[in-house]
Structures are given as structure tokens and as C-alpha cells.
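Chain naming follows the written order as A, B, C and D, and within any one chain the residues start at number 1.
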Amino acid sequence: MKHLLMKTTAGAALCLLGGTAVAQEVTLTVESWRSEDQAIWDNTLIPAFEESHPDIKIDFTPTAPTEYNAALNARLEGGTAGDIITCRSFDGSLPLYNKGQLADITDLEGLENFPDFAKAAWSTDDGANTFCVPMASVIHGFIYNREAFDELGLEEPETVDEFFAVLDAIKEDGTYIPLAMGSADQWEAATMAYTNIGPNYWKGEEGRQALIDGEAKFTDEEFVAPYEQMVRWTDYMGSAYQAQSYSDSQNLFTLGRAAIYPAGSWEISGFTEQAFFEMGAFPPPVQAEGDTCYISDHTDIGIGMNGNTEHPEAAREFLNWVASPEFAELYTNALPGFFSLSNAEFEIENPLAQEFMSFRDNCESTVRVASQILSRGEPNLWNEMWVLSANVLNESTSPEEAGQQLQDGLASWYEPQQN
Amino acid sequence: MTDATTQMADRRPTRRRRRRAGTAHIVVFLAPALLIYTIFSIYPLVESLRLSLFDGLDDGSAVWTGLGNYARLLFDSNWSVRFWNALWNNLILFFIHMVVQNPLGLLLAALLSLAPRFGGAYRTLIFVPTLLSVVIVGFVWELILSPLWGVAEGMLSAVGLGFLYAPWLGLEDSALTAVSLISVWQYVGIPMMLIYAALLSIPDELLDAARVDGLSGWWIFWKVKLPLILPTLGIVAILTYIGNFTSAFDLIYSIQGVLGPPDYSTDIMGTLMFRTFFGQQTQIGDIYMGATVASMMFFVILVGVTIYLVGVQRRLTRYEM
Amino acid sequence: MSDLVLKDVRKAFGKTEVIHGIDLHVTDGEFVVFVGPSGCGKSTLLRMIAGLEEISGGDVVIGDETVNDIAPSDRGIAMVFQSYALYPHKDVYGNMAFALRHAGEDKKLINERVRKAADILGLEHLLKRRPKELSGGQRQRVAIGRAIVRDPEIFLFDEPLSNLDAALRVQMRVELLRLHQRLETTMIYVTHDQVEAMTLADRIVVLRDGRIEQVGTPLELYHHPRNAFVAGFIGSPKMNFLAAERQGATTVTTHGSAQIEVPVEARDGTGPVTLGIRPEHVEMVAPEEGTLSGEVLVAERLGGETYLHVDLGNEEPFVVKADGGVMQKTGERIGLRFPPQALHLFDEDGTAFEHRERHALIA
Amino acid sequence: MTDTPDTSRSRRGRSKSWGTAATVHAVLLGYTIIALFPVIVVILNSFKNRRGIFTEPLALPGPETFSLEGYSTVLSEGSFLLYYGNSLIVTVVSLFLILLLGAMAAHALSEYRFRLNGILSVYMILGIMVPIRLGTVAILQLMVQLDLVNTLVSLIFVYTAQGLPIAVFILTEFMRTLSRDIKDCARVDGLSEYRIFFEVVLPLVRPVLATVAVFSMIPIWNDLWFPLILASSDATKTVTLGVQQFIGQYTVNWSAVLASLSIAILPVLVLYAIFSRQLISGITSGAVKG
């Protein structure tokens, strides 16, 4: 009955619609959560691609980031998703590949341009199959108002103690809110605070791997300590930071009311445009002078093809182009702060972006701790980390309790953590 | 006269024999609505609810689990904590609407029914927020209550109450109340209109009679009008209850996001269902558990409506007016 | 010839039968009134004739045609409703022209007929008004006009005057009578008001609980009611009933132990009966001269006449219609005398004993 | 029908003592301000630059803060007029279908006695209780099979299905109170059942249709979800979805968002103004008395 109904209504509905024009050339639709990149795609990237591939048209159709997962998911289930899909990293995309919704592109020639660690974010656990071309990573650190620092005679802090000394100085002066940070948008607390400063405690990849192997626990000192530092931050955050949303924090900083902004490198392009003062950046401070520094250099955005696309050849051609050095340079310079993961060498023009890029020279890179494998079960570790990081900033959960809850949640389904 | 009549009679169209239409017209009247409603509303809903009896495998296929998902939702602490929390928050939300929105709507309606000058203007303007998209409502209230913008704080300070300000939307104790009050602000127009209309339908004679019986304004309201509009208040209550599950989601989603922060204090059935069903960030949606949450939501609504129909509505006498 | 014949017409809603087999013959040009208490089925019967209510059994025949399966509009009837049922979005002209326009009649003919009907009813100056701009009486006229325009074989009226005030009702009653005289069309009229029935009808059909109690001319019903129900229903104030005991063929004893001889066809046997007499037929005499006597409870003075409510020791007071000038007051005793030819006698089932002589006015 | 209710009450209002009247006005005016304040804030700030929005949110746009950059962004960058048109088409067509089909169904349910009447009445209003969003995936799959994805038709179907239950509910309740005589009269006049509906019943329920229109219009115009899932292509985007494009992942174009919100408020207000005259009489005669 279901099909009969559909057929008849379909006929009627088609009449209503009239004929839809049949495209001459292949058009690929790109799904993305980066709605602010619309202009970059329309004005820079797509023209560049279409120039060399006149028979393929690209249509960039982003969805607001909050709805992206839900909408993409629904469209994939319904079979209406675009040909090209922007991939979140690690477990954000792996299930889509498992369901066949993302195509296997292991043999794509362009992938040779990327180092293994970059491809890891969009490969199966054993690394045998890859399903997205790495596009960019984002580096975490702190952006500061250089004019404010000069005014108060402050230097970029290298250690935690120096960091708090700087914060104290700004607080004492009173002109600026020392830290632009709020807990209303919980992900801000997780990405810009916990996984930003955390790697210095758990030694980046070493700690992350230990968790995956079941050798470390969230109740261990190195995972609780970042929370303890975050508690100390609350003295320097704006009053009523509990209701301060992410965009509030941005505005506080770019309007010159706050001095230091715990940041991701994606802010660079927006800040460069909006802030009327000079800015600088420093990596998360280490515990003692001379310690190795670790940065969250998160493989954040990749791009793959819909497993059910009608134009697999064209899609592969496009992905090859995305994997090319040409794209890497265009993209990174159009969007300073999204760092290409390509081996290709090119100049970065934006000075702030250069500063962030330079962190890589001195510090060890690691990805966000919850992003691979550990968020595969229920409760979702990354969700929990959002909530608990915000709770710690709100002082409604103590650092120890937060670690305990993360650990309990993880151990409830993740076998290596169960003994 | 007689001539004319005969003439008319002659020109009368010959009587057509026609069988009465039977039931064909009933079908014609009902079919389009039934068809669209069934295909695009009932069928998808049933289809979704059916999913709650299955579980998904990694490769995307589904396997029958019977009531397994329900057992998980109610007894597996990973799920049950969130579930009961969301249900409880829904009940609080409902409670706040019942004690704030509906009495406020009643008050405004009662005042409007006194037919003050510009009554029509007040009525129209107070209804305006109801027309707004939650995108606008969420956005503007977030700004107003935001510590950064400082509108709320500034206004409180202006009347010497600055110390009362707190970042309500960000505090566990007050976030749900704050969101509820925003919702009250937006939707108070609906109970106001319904109650106002009910008050208008009370015949003047009855009120005159009460006045003759020596009742003053307040007592007339309390003793005569209120009992007569009880059925309407009943409808308002049940609409509030249903809306609390179906439409409150949009507001919370747009103000607080899908996790119901801080610490799930504004997490309701709608947000729980949404993020379970569709996923968010690194969480991939689980349509089977999502459908389970949705089904539970449906049952909860059904229970409420049944209680209303059996327990409350029967006792509310409707008076012919 | 457009006689209306009902043959064993029945109506059931689900399992409950509400019309239990009605047989009736209405001849062409007759004005027949259906009367009865509310819920007696008179409106349902009318709607069945109109075709608005399907019949569950029997036949409705108009002219020589069985119309059971014919749509209302093709039965050659027009109907006037209690609530007037004017289309609020059309003006008077539009309302009156509606059916003909719908039937695709010639514009000129429509105009002619509407003008004519408007002329008959004095509506010419209102043709452009909307229903809400009309008074109740005007609306009623429009509703009737709308029926006239259709030039039906049978007019059906469903309590058309009950929404009007008393004075207007009297006026419209007369207008209806004149209309009937003028059009000479069959009219079937439903009302619960026996005064309307008496004044309008050529023949009255008294209905109770979906059955016909009696059919006859107004005076026939008045003077020779077939049973106690009809006797009580027709006439105002209503007939007085006294419990009595039958002593012989035609002799009864009342509660007050007076012996009364009633001029009805004799029947064998004895037993309880009911004696009926209309208030206007009772003669008032001195207490000691009356067949019965009692105390005046209330005197309703209408000016031209006075209704005296007398306590005869029964549950209900006995009503006497007296001259407007009677002096008797509350508390006074009076005697009552019953002219034998005005007495009615009913057996235990309420069935009337036949009068020995027909009333002079009835052939 | 009934007279406009206001007139009969006004004499009572006028006779109120001065003090009571003042209190009544104080409360109503106070609440009206509360109701409008946020809306005014949005509109006010849509005429400012970012700096103006954040430094002095409550100030009127001054020489330093006044800016139409939001509006120019909105009107130039997005195909906003197109989105506008899409929203209007979807809203108006859906409303039309809801009112027409809803009234037809309600007429059938209230006018005719037939065996399934009771069951169908309950079935039709079941939809009030369940958010249609639950059925998203199935709806999408359905639309795919019907080849309706990225068409406005898909949205129209979904909104019509979504709006029908409440429309049928309200209209049935009201139509039950309609005089039977007038329909019978039309029958005697020879109208078919269809023409009775269109020429007699529909004109009579006009005020109620206005009520239903207002209640149905709001969620359709403001919906974000189904446009996102069913018709997110550029050619079929609606206004609400268009607004979303100014809210990015990490940056929000405040002026543009406020401007687009202000623009999006307008048509709803206009439609509401059109219907609101009918609204109260509609509710009075139908929904509440039931």
C-alpha cells in the first residue's frame, strides 16, 4: 500500500512541479558546516577548480554548524546528501564510512601528498582504508592584545606561573578583563580550555595513546591537573562568565575589552578583520621552564565523497584537486588559521597565522584527546568532556569529580579501561 | 395573478429524476486531507516509532530487539539518568507555565475584557511575540540577558537593583527557569486570546444578574466568570502540556543548544530525542534509540492527555451560554 | 394534481424508531398543519417529505410519483425554516434568486419572479439589503419570498413564526393565510402552537411520539377529539379533566359524587373514566345550584374575560372561563354547571366515547 | 452572525471608576512594553554597526553607530528576495491547502453521519499530540521516492500534513454549531453537496478560517527544520534558513543577522494584521465553546 500511494502521489506531484531542467555538465554538491566559507568557495576555490575542469560544476551548500550533523545524517539516510561531504575527524566520520555513506578513497593518487598522521584522522583504526582527504588542522593557543601587553609592559608567558603573573597584572590594572572565556557554550570550555592546555600535562600523544591502551585513566594526575588550572582561571574571567557565550567571548576580545583569548587558530581570519589593534599569540604555557611543550594541533576538517554519489569519477577528480598543492595554498591563504595538512611547501601571508604555525617548530603536536576511538560508545566521551569542562569552570563539579566521571563513563563501555 | 402563476408553472423545468448522491461526496471531502495527513504525517511517525523496536549494527543494517531499547532507556544508567532528568525538566517547565503563563494570560484577558480604551491595540501588541520565530526570540533574549551586552544588568542597576543580576541562563539553578520565562514571554498571547474569547462569550445578562445580586467586580470574576471559563482553562492546560513536549524544544535548542546546558539542567525530552536521533558534533545519531526516546515522549503525552480527558475534563461542566 | 401521499412512512435512527408508520393523504391546495408537543416527530416528518431526512420505510408520493429517492430540489417543494436560513453573504435579491440562478433559469424570468414575490410580500424596497440589516419580520418575509420564487407544488413550513414576537406572529399568520388563498398551493406547516394550527389549517394532523393521534379540521378536533391527548392539546386554556366512575351506559359519578348524564354512544360496563370539559363551556352558578362547587384559588383577569382557577379537591385546579365582569374573588365559593352536549368522556386508555350527535358546524 | 463583541462591553468599561481604569492601563501598558521591548531592540540595532550594537545596545543609532551595512549585506549577499519569495509561496500555498482541505474534512465530519465518523475524528486530531519532526527520516525517504527533494512542493506537503489536525479540530467544533437549516435550505434549493460546502458553509466559517490561518501560519513561516532537510538548495531556501547563513561556525555577522531578522519579522506582522480583525470573533464562535 505504501508504494502504491507513493506512486500515485508522485505522479500528481510531478505534474505540479513541471519539468526540471537536466544539467548538461556534472554538478557536484558540497556539504559543509562552514557557512562562513561561502564567499571563499564562491570567489576563490570554485573558479580555480572550474577553470581547469570546465565540465564539472561545484555547488557549495553549507549548513549552519549546529545543524550540520543532524541534517547531514538525515540526508544521508534519505539518500539526498551532496556528492562531496565535509568530514569531521576521527569518530565523527568513521561510522559514516562503516555504513557505506562515505566512499573508500584509499587509492586516490592525491593522498600521497599527505603524511600518515594527517590521514589517520580519516582512516580506519588499522590505517588500511582512508575515506577523506585531509583539508586542514587547527592549532590551539592563546591570542592576546599586543597593545594591552605593551601598555602594561607584559611579556608572552612561557610557564604556568608566568601566565598567572600576567593575568594578575592585568587584573590589578583593571582596564581589561584578563581572560575572554565563558562557559555557556560548553564546547568552548572543552576545546579552548581543557584540550588546549591539557597536552602539556599528559604529554600529548603519549597520554592520549595511554588512554586508548587502557594504561592511563582520567583520574590520573595529568588529566585532572588541567581542570585544576581551569579552576584558577575563573578568577580572571569576566563577571557572569557562566552565561557568556562563545560569540560573547569573541566580542569581548575584538572590541578590546579583554586582553587574552584562549583560541583556536580558526579565529585568525575573523579577528584580523574585526580587531582594531595588533595581536600576538603564544602556545599553552608549560609547567616548568624548559619542559617540552605540546600543542593541540587538531586534524579538524577533511573532505570525502558520498558513497552513493551518481558521479564518482567527477567526485574523485575534485578530491584529487583538493589534495593538490594548488588547493593547499589557495585554501590556507584564503582562510588563515586553517592549516593545510599537505606536504606541499608554500608561504603563509598572515602574520598571526605564521605565529601559530611556528608553534609546530618548537612543540609536539597532538589531536584532541577524546576524538579517536574513545568517543565511540555511550556515554559519548567528547559530549561528557564538554559538559564537565563547563561544570568545572562553573565550579559545580570539582576537578577530581570531573576526572572520575569521565573515567566512569569511559570504563562503562570501553574494554581496555575496564580492568 | 392567476395568469402569471400558470405561466410560471408552464415554464417550470421538467423534474429531473436523480438518485441521491449516496456517500461519494463524503469521500471526496475527506480523502484529500486524510491522504496528505496519512502519507506525510502518520506514516512517517509510525515508521519512526517502529524503529524503536530495532537496533542498528555498524554496517547500517538493523536487527530486531523488541523492547530492548526501552529497557536500556529506562534501566541502563547511561540512558536512564538523562531520560529521567529530561522528563523531570519537562515537568518543571510545565509547572512554571502553569503557574506563570496561564495566570498571566488570565490576568491580561480579564483586564482586556473590561474593554479599556485601546484594548484592541494592547491585544494585538501583546500577541506579537507569539508570531516571532524562535530564532529571533532565542537570539534577542540571549543578548538581553548576556553579561557582555549588559542590557538586563543595566536596567536593573538603573532602578537600584543591580545586585540582583546574575547570568541566569548560565547557572544550573536558574537556567531552566530563565528559559521557561522566555517561553512564557513568547507564548502568553495564546492563553490570553483563548481566555479572552471565552470571557467575551459570557452573556452580559449573566453579569448584570450578578451585579444585581450584589457582587462586586472582583467577586463577579471569581464567582461567575471563572467557573464559566473553566473548560477553556482546561483546554489551555492541556495545550500547554502538549506544547511543552513538542514546541518547547525549538526555544531551548535555539537558546541553549542541544545538550541542555549547563550540566543538562535545561535538557528536556525534545533535546534528548533530537541529539540521540540526529547526533551532534562527534556523536553520530542513533535513529533507533532516538525513536525510542520519541516513542516514550509520545506515551508521556498520551498519559497526560488521558489523565486530562478522564480525570479533569469530565468534571468540568460545560454551560450553555 | 399534486396530492401528497405518505404510505406507512417510517424513520429510525440506528435502532430507535422515531416515526412509526405514518399514513396521510394531503390533497392539492390544502393547508395542513402538523402539530404536537416538541419531540413528537413533526419536524422529522416534514424533513422526510422535503427529502432532507432519508426515510427508513414506506413511500412518499408527490403527485403520481414516488419521491423516496429524489433529491429535495427535484421534489417540487419549497421550504421555510425556523431560523430563516438566509444566506448571510447574499442580499435579499440574491437570496430570493438563488435557487433559480442555480437551476440556470433565464435572467429575465428570475427577475420577473423575484419582483413578483417581493411585491406580494412588500419587500421591493429591501432587495439590496443584506440579511443582517433586516428585522426579524422582514427576514421571515424574505424566507417566504424565497420559497414563493421557486413556485413549488408544495410549501413546507418548519415553525416559521416561532422566532417572532407575539404581535408580529399574529400579523404574519394573517399574511400566510392570505398568501395561501392567493397562491392556492398545498402548504404543510409544522408548529407546536395550537393557536397557529387552529387559525391556519384546513386540516390539522396531531402527532405524538411519532404517531398520528388524529387528523381533521380544526373544529372537528375541537369538538370531537378522538382521545384525551388531542382534547387536551387543542384549545386554550386547556380542557379540564375530572376523574369519574361510570355507573351505567352513559352515567358517571365524579369525585364530588354528583351524578352526570353524558350524551355519548352507550357502552357496556362500569369502571373509572375521565370526564372532560373545556373552560369556556362551564357555566358558573351559585354554590348550592352547581353540579360541583369549589373555592376560587386565583382569578386571572384578562379584561374581556376572566379565568377562574377553582379548587374542586383534585390535584389540579379546575379552570373556568368567565366573563370579564365577574365579581368573584379569591376565596369565594362558586358552583359549576356542565351543559351535557359540551361534555367529553374518555375511557381508561384515553379513547373518547363517540358523541351521539355531531356538532352543528361539522358536516 | 454575532455582533462584534467589543461594543457591548464598552459601556461597562467607560463606567469604571477612574482609578480602576488607570490600574488596568498601567498593567496592560506595562506588559505591552515587556512584550515589545526585545523586538524593538532587534530592529533598533539592525540599523547600527557592530561597534554600536555592542557598546550601546539600547541607544538609538547615532551618527557614529548608524549603519545600513547589515541590510546591504543581506540584500546583496544572500539571494534574500528569492528566499522571501520561497517562504511566501510555501506559507501561502500551505495555508490555502490547510484551510481548504481542513474545512472540507471538518465539513464531512460535522455534517454527515457515517460509520467511521468517530474514529476518523480522533484519527485526524491525533497529529496534534506528536511532533511531526519525529518522522523526519521517513519523510525524507518518502520525498526521495517521490522525487520531491529540494522542491517547495515537499515543504508544502509536510506543512499541510502538519497543519491539518489543528485545523480540522477547530473547524469541526465550529461547524457543529452552524445552523442546519441553512444547509437544508440550500439542499431544497437544489445545490449539490459540493456547492453547499463552497457557497454556503465556507462563507459562514470565514472568521474561524482566519483563526486557523494565524495559528497555522506561525510555525510554517518560522520553521527551520524542514527547509534544512527537504529543501536546502539555494533555489528553494526559505527566509529562516537564509538568516542561518549569517550565523557561522565561529563568527556571527551581527549586523546582517539583526537586519535579516528584522526583515523576516515583517511579513508575519502584516499577515497577522490582516487576520487579527477576524481572530477574536473566530475564537469566540468556535474553538472555545466547543
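In this section, contacts are C-beta pairs under 8 Å (C-beta built on N, C-alpha and C of every residue); 3 or more make two chains touch, one makes a residue touch a chain.
Molecules present, by chain and UniProt name: B = Sugar ABC transporter permease; C = sn-glycerol-3-phosphate ABC transporter ATP-binding protein UgpC; D = Carbohydrate ABC transporter permease.
Here the structure is a predicted model, which is why all the values come from computation and not from measurement.
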Please indicate which chain is farthest from chain C, where distance is taken between mean Cα coordinates of the chains.
A
Higher-contact pair (C-beta pairs counted), B-D versus C-D
B-D
I'd like the Å distance between the centres of chain B and chain D, where a centre is the mean of that chain's Cα atoms.
14
Could you tell me the distance, in whole angstrom, between the mean C-alpha positions of chain C and chain D?
54
Chain A-chain B separation of Cα centroids, rounded to whole Å
37
Rounded Å distance, chain A centre to chain D centre (Cα mean)
39
Give the residues of chain C touching no fewer than two other chains, as numbers and ranges.
51, 71, 74, 103
Junction residues of chain A, two or more chains touched:
6, 9, 71, 74, 77, 251
So which stretches of chain B touch two or more other chains?
21, 39, 43, 148-149, 277, 287
Within their complex, state which residues of chain B touch chain D.
21, 23, 25-26, 28-30, 32-34, 36-37, 39-45, 47-49, 104, 107-108, 111-117, 119-120, 122-137, 139-141, 143-144, 148-151, 154, 185, 189, 193-194, 196-198, 200-201, 204, 217, 231-232, 235, 242, 245-247, 249-250, 270, 273, 277, 287, 291, 294, 298, 301-302, 305, 318, 321
The chain C residues in contact with chain D across the complex are 47, 50-52, 71-74, 77-79, 81-89, 98-99, 102-103, 132, 150, 158
Listed in rising order, the residues of chain A that touch chain D in the complex are 6, 9-10, 13-14, 16-17, 33-36, 38-39, 59, 61-65, 67, 71, 74-75, 77-80, 246-247, 250-251, 255, 264, 266-267, 270, 274
Residues of chain B touching chain A in their complex?
35, 39, 43, 58-60, 78-79, 142, 145-149, 153, 165-172, 257-259, 261-264, 274, 277-285, 287
Contact footprint of chain C on chain D as seen in their complex
1, 179, 181-182, 184-191, 195, 199-200, 203-204
